[in-house]
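Before anything else, here is the set of structures, which you'll find just below.
You will see two complexes here that share subunit A, one where it goes with subunit B and one where it goes with subunit C.
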Partner chain A sequence: MSENVNDHGAADITTVSADAPQMQPLAKNPKGVEKAISALLLIGIAAFVGFGVCYWQNAAYWTYGALLGLGLLAMGAAFIAWGKYLLPRGPFVEERHVLASTETERSAFAAALMERGAGEIKRRKVLGTLLGGSLGVFSIVALFPLVRSLGPLPGDKLAVTDWKKGQRLVDINGNPVNITDMAVGGVLTVYPHGLENTDDGQAIDQTILIRVQNEPFTTMKGRESWTPSGYVAYSKLCTHLGCPVGLYEQQLELLVCPCHQSMFNVRNGALPQFGPAPRPLPQLPLAVDSEGFLIAAGGYNQPVGPGYWERP
Partner chain B sequence: MTAVLKPRTKRQAKEAAGPYGKVGDAVAELDERLGIAKGGRTFLDKIFPDHWSFMLGEIALYSFVILLITGIFLTLYFVPSQGLVKVPMNFPYKPLRGDTVSQAFMSTINMSFNVRCGLLMRQMHHWACDIFVGSIVVHMARVFFTGAFRKPRETNWLVGTTLLILAIANGFLGYSLPDDLVSGTGIRIADSIMLSVPVVGSYLSYFVFGGNFPGQVVIARFFVIHVLLVPLIILGLVGAHLALLVRQKHTQFPGKGRTERNVVGSPMFPVFIFKTQGFLFMTFGVTALLGAFAQINPIWQFGQYIPSNISYAVQPDWYMGFLDGLLRIFPAWQWNAWGHTIPFEVTFPAVIFPGIVFNIAMAWPILERKFFGGDNEIHHLLDRPRDVPKRTAFGVAFFALLATLFVASSTDVLANYFHVSLNTVLWTMRVLTIVIPLVAYPVTYKICLELQGGGTAMGKRKRPNDVVRTAEGEYVATQAPVRPGDAHHELDATPVPTFIAAAAVLSEGEAMAETSDESNGARVVDR
Partner chain C sequence: MVTMRSTLKKAAAGFSLSIVGLAALSFLATPLESGAATKIADDGLGATAQICPSGTTQVAGKVGVPANLVNENGDTAKKNAGTAYSDVQCYNAAGEMVAYGNADILYELPSSSLIPLGQQLYMQNCASCHGVHADGVLPNGTTGNYPDLTGLGPATINFWVTTGRMPAANPRDVQAMRRQPRLTVFQSNAIAAWVNSLQPATPYIPSPNLKGANLTVGQDLFALNCAACHTITGGGDALAYSTFAPSLHVATPTQIVDAIRTGPGNMPRFTGNLTDSQVRDITAYVAESIQKPTNIGGVGMGGLGPVAEGFIGLALGVGGLMLVSFWVGDRSE
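Let's look at the complex of A and B:
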């Protein structure tokens, strides 16, 4: 092959006899293959017609899906059989052209880049510096609209919830929870009163209320009064990845996160018993108001949910 | 070239086109304006080597075509909004009647129940995505184990790896759009993963969600990224991938008449076109059958995403499995100091580990050159995996690690299924994750060495070994002679004919070819 071929790789003019073995089909019996291919194409046509009819008649979706699939498979098989058995069997060959240029061409290209471009910038040092500076400043300020506009700054908002002292615990329908409402072993997802249908109430304030027993108990030192009548409330956000800790294993008194199977012991301050969660679920101090409804005796004393850099 | 610049009458052009009628005429007209004849024919004559494993990339390409077609259909019915609507009381699926749901969810169930062909298109789209990512991975494995990524194809390896990352990312984004309970939980986990990035995590989360999770903008943003931004980049990179393939030509396995300087196989036109077109329809057909018979992501059963609700025994799409698996089995290591927290139990499995995986993948051509005995030569002939035991062993260990983590993403299901405690499954998977790759490497290495001793012929038929005891008592395995009728006859490769001549005029044709003037590289056929 000549070395000075262009990008397209100029092919030589070649002539091959129609009788050459490479020009013959692979099929020993081309007529038979033709029949098989016609059968496939007829199946394809029939299936496509069936697809149209089923669609028109609004049949179940899987009927026309099946016919579409069948038609496409038949047509595909026909194409492949035609290409494999009826067209010239080959093999054919073409040369690979060396992609690399000559040494002279390379140095000429490198010289053009360096002498006309980089060299010019080097010669005019001040202009070069200013050019670099302007590109740098531009790239930084371009980030303002492209990134900064996307959302507010987090500040300390990730660390706070809406729970306040005296706030009633309500279920998803806004009903407050009376001290007599739940039996031992019962669980209920609760929200701060008035926020049960808001994004933040749902996503951040969600709390799981469990009646562990009938009498108050102590989950941890300093939390002696947090469990009136055996009710205990923990943040429902898993400390691993923020999934709702929605499963309660009544016999073992464990809260289980269905996402990655972290388990929290409800009797000793939701200490992680198993799984990848690194911290206990924060506990919400509870109290009972004058009408016998459960209220928060305060907010959470630490951020809820998964860990993040600014978390103290 | 100068000859064609002279204006011609239509009749003259027709005469010049000769016996090829209207096609000849059209070629003449186009060639006078664009000079397409020579390049066009070279393109039609382009040789594609034949091997079944070379079609894996085609599956990826064609499933991407299905994704585009079905995806455009879906955009016509999907409403990317988290605004709330009520499911009408005459909705075909009774359990959802009267529920308050987002417009994203409503429009998705609406296209599944009320738009004719809608459910089929949705299921085909989802299946095509799983096939897309899967075929990319298998195609990549083929390229890896046969050494097709070696010089000069490192750039295309990089493009391909980037395509895999984009495909996975877009798969996740698309899966998130219907705003159902399962995908919403997935977005929540993604948010927590963003939060786990040291220093910038909370900013990252706030900028993606426009404030606190879940906010009101995430579906709309994911939608635009999913249907516009990422597909455009994928389309551009697929173009670059194919352009590089054409420019550098396909690799081939060693075999009869195949050298580093040639390509042996089928010509683009018509053999390859026919086969690949057939393959396109086959891929379409399989996807259509999956869409028709294999239910996927029935979101009406999951219901609308409500942040405080959760489902059980749910796994992400298969290509996210290895991340989920590592998140499950990684120890609960979180560090807290100087008023800051590093949630390493999330940062490592979900940020650092995939970073390592994809960086190793991208840098492999360099890594092999530096640490695995690779060279810096140009290679067009492929390796048999057994002949490069270090690379093969590393690849098997790498995939074994990812496969083990994939299995680990179903710890709860495994515990249920085998009636063992979750703790047993957890510790088994932890041990296996470390042990399996460590065992896979030497075992694969040894198998490669053993196989090297076996048959060396690249023919299609296997030949048995005759084991002979020599006079010294040594046992030697030699390849048995080819049995009659078993020999694989491959013809000598011939150039693609410019003109197919009947035997009688062949000598004349040869004479014609010889008159072509090659002195200045531009060939002018004197007719």
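Let's look at the complex of A and C:
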């Protein structure tokens, strides 16, 4: 070694002799461990060969995963075991010089940066101003794509569905529903006529139509004419978190939501009888047109789905 | 000092717990449906082929509730109001409709020669709860405890008796469970013939023809109408107030159409809004994809979803990985 000023006073480098305790393998019986690792690797080879054969012969898919997994497990275990038990066990210590720069070097660097570097920028006033201006404008316009990517304002889309007065109820295939079609205790998922194949129609306008009995009945005050021939229609979106409420139990007259088990009583306006739903399902007023098909007598009188407004 | 042996002991102890867990779950390893839709080969019968049983006259044309199914009060078959869409009806020599339907599903009335046997079997097995007139009125006059069986159609009787739910194992149960049937199909038909004779009604007992079914349509309709309660794998699910939707893995096609058309128990009744072709497609989907699934992953675990699969994932996957991490990271000295 030399008298170099950058030596930082390194200690003499020594190497460990081959007989030192930390150079011995960890295993008390290295030969036995070697046999075990050989077995693992043979299992791995066999598993990989098996995978190749199965893949070539188009065997059942689960064999691919099983054999590949087994092979990788065996190979991985062999690697770990070799590294743990057969390699020198350590610990090994390596001397290092002090990593930090000296005090004189640090203060000289600080002086060069602040005095000479900053002075260069202060000298060119015009360029410095223009640089600041371009950075400023850039940071402002970089926000434009961010703001636009937030999407259009919803307007009143959250409050209003596509159901309109006089619109026929149709099922998923576009067939309108006649009042003689459904037996007592039947259910059907309906959409506004023409919207049964659209995203909005299926996501927001979906309505569950239930025939509770043969005669009209009243679900709530003011809704006396909403259930012709015993048909009642509620929004299918659960008022808890929006899952489609498709489970109808005809003897209990209960609509159950499958996600969090909110239960709505269909006889009294889908009032929640159990579960986390905070408000009843909105009811669609129904009427019958001249040919006997069910139509909506108006839209929903409240927003459908989960509530998004403050409640007192 | 850590040795291979001590680590293997730890691994063995840990894994034995996982194996016990897996063995406990092995009873759940019933097949899982894959959802791959295929077609069943068509048998070439058109919608209005000659399908009526021999000895009957075939008449074409859709039927509502036929006039001879109106009871003495002028009511239509009140509990089954809903159009029985059919392409043909079959009338016997006496002018009674003994079958209706089309090439997809043929609904047949059990022969009236079974009525005396049916009455006898009914009195032996059913009258103690449902009353001697099959109207739910007990001999001491009380009503309302057990359902009125009249006006519901032979398919209702067929469903409840051939699935073993009736005669009820425990009449006080909230929901009767499927079990080994106590009466044969022949006996069930006889009872259905007698009960139907009290107040004739549809639907008759269906014989679905699964050839040529479109499993894609079946899957779509199943997902829209059935999967909410029965789950997408047909494994069944719990509902409100101790009721539940049963598993579909052991239902026969006739029982499936029975249930769809009659809406047993809390199940809704799907009548006019599902055509026979659609009901046939749903039945074929259940009979093929749900009851005979291909388990691509190897083990279906009952098709119960995330709970069973999560247990395996956590016990074997995460547990195993934990043991491996302990082994790898063990200090050498």
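Everything that follows uses one rule, which is that the second predicted complex is superposed on the first by the 242 of 312 C-alpha atoms of A that agree within 3 Å, B and C clash if a C-alpha of one lies under 4 Å from a C-alpha of the other, contacts with A are read in each partner's own complex, and residues count from 1 in each chain.
By our rule, a contact is a pair of C-beta atoms (placed from the backbone, for glycine too) under 8 Å apart; a residue touches a chain by one contact, two chains touch by 3 or more.
Predicted model, so just to flag it, every value in this text is computed and none were measured.
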{"item": "Touched partner set for A:274, first subunit B, second subunit C, both or neither", "value": "both"}
{"item": "Which superposed partner A:150 touches (first subunit B, second subunit C, both, neither)", "value": "first"}
{"item": "Touched partner set for A:17, first subunit B, second subunit C, both or neither", "value": "first"}
{"item": "First (subunit B), second (subunit C), both or neither touched by A:104", "value": "neither"}
{"item": "Partner chain(s) touched by A:244 [first = subunit B, second = subunit C, both, neither]", "value": "both"}
{"item": "Contacts of A:311 with subunit B and subunit C, given as first, second, both or neither", "value": "first"}
{"item": "More subunit A residues in contact - subunit B or subunit C", "value": "B"}
{"item": "Which of subunit B and subunit C A:214 touches, first, second, both or neither", "value": "second"}
{"item": "Which of subunit B and subunit C A:62 touches, first, second, both or neither", "value": "both"}
{"item": "Partner chain in contact with A:181 - subunit B first, subunit C second, else both or neither", "value": "second"}
{"item": "On subunit A, positions contacted by subunit B and by subunit C", "value": "61-62, 65-66, 80-81, 84, 89-91, 172, 189, 244, 246-247, 258, 261, 274"}
{"item": "List of subunit A residues in touch with subunit C within their complex", "value": "26-28, 33, 36, 60-62, 65-66, 80-81, 84-85, 89-91, 171-172, 175, 177-178, 180-189, 210, 214, 244, 246-252, 254, 256, 258, 261, 263, 274"}
{"item": "List of subunit A residues in touch with subunit B within their complex", "value": "2, 4-6, 8-23, 55, 58, 61-66, 68-84, 87-96, 99, 147, 150-154, 157-158, 172, 189, 191, 199-200, 202-204, 206, 236, 240-244, 246-247, 258-261, 272, 274-279, 305-312"}
{"item": "Contacting residues of subunit C [partner subunit A, same complex]", "value": "1-4, 64, 78-83, 220, 224-225, 228-229, 237, 239-241, 243, 245, 263, 265-273, 295-299, 327-328, 330, 332-333"}
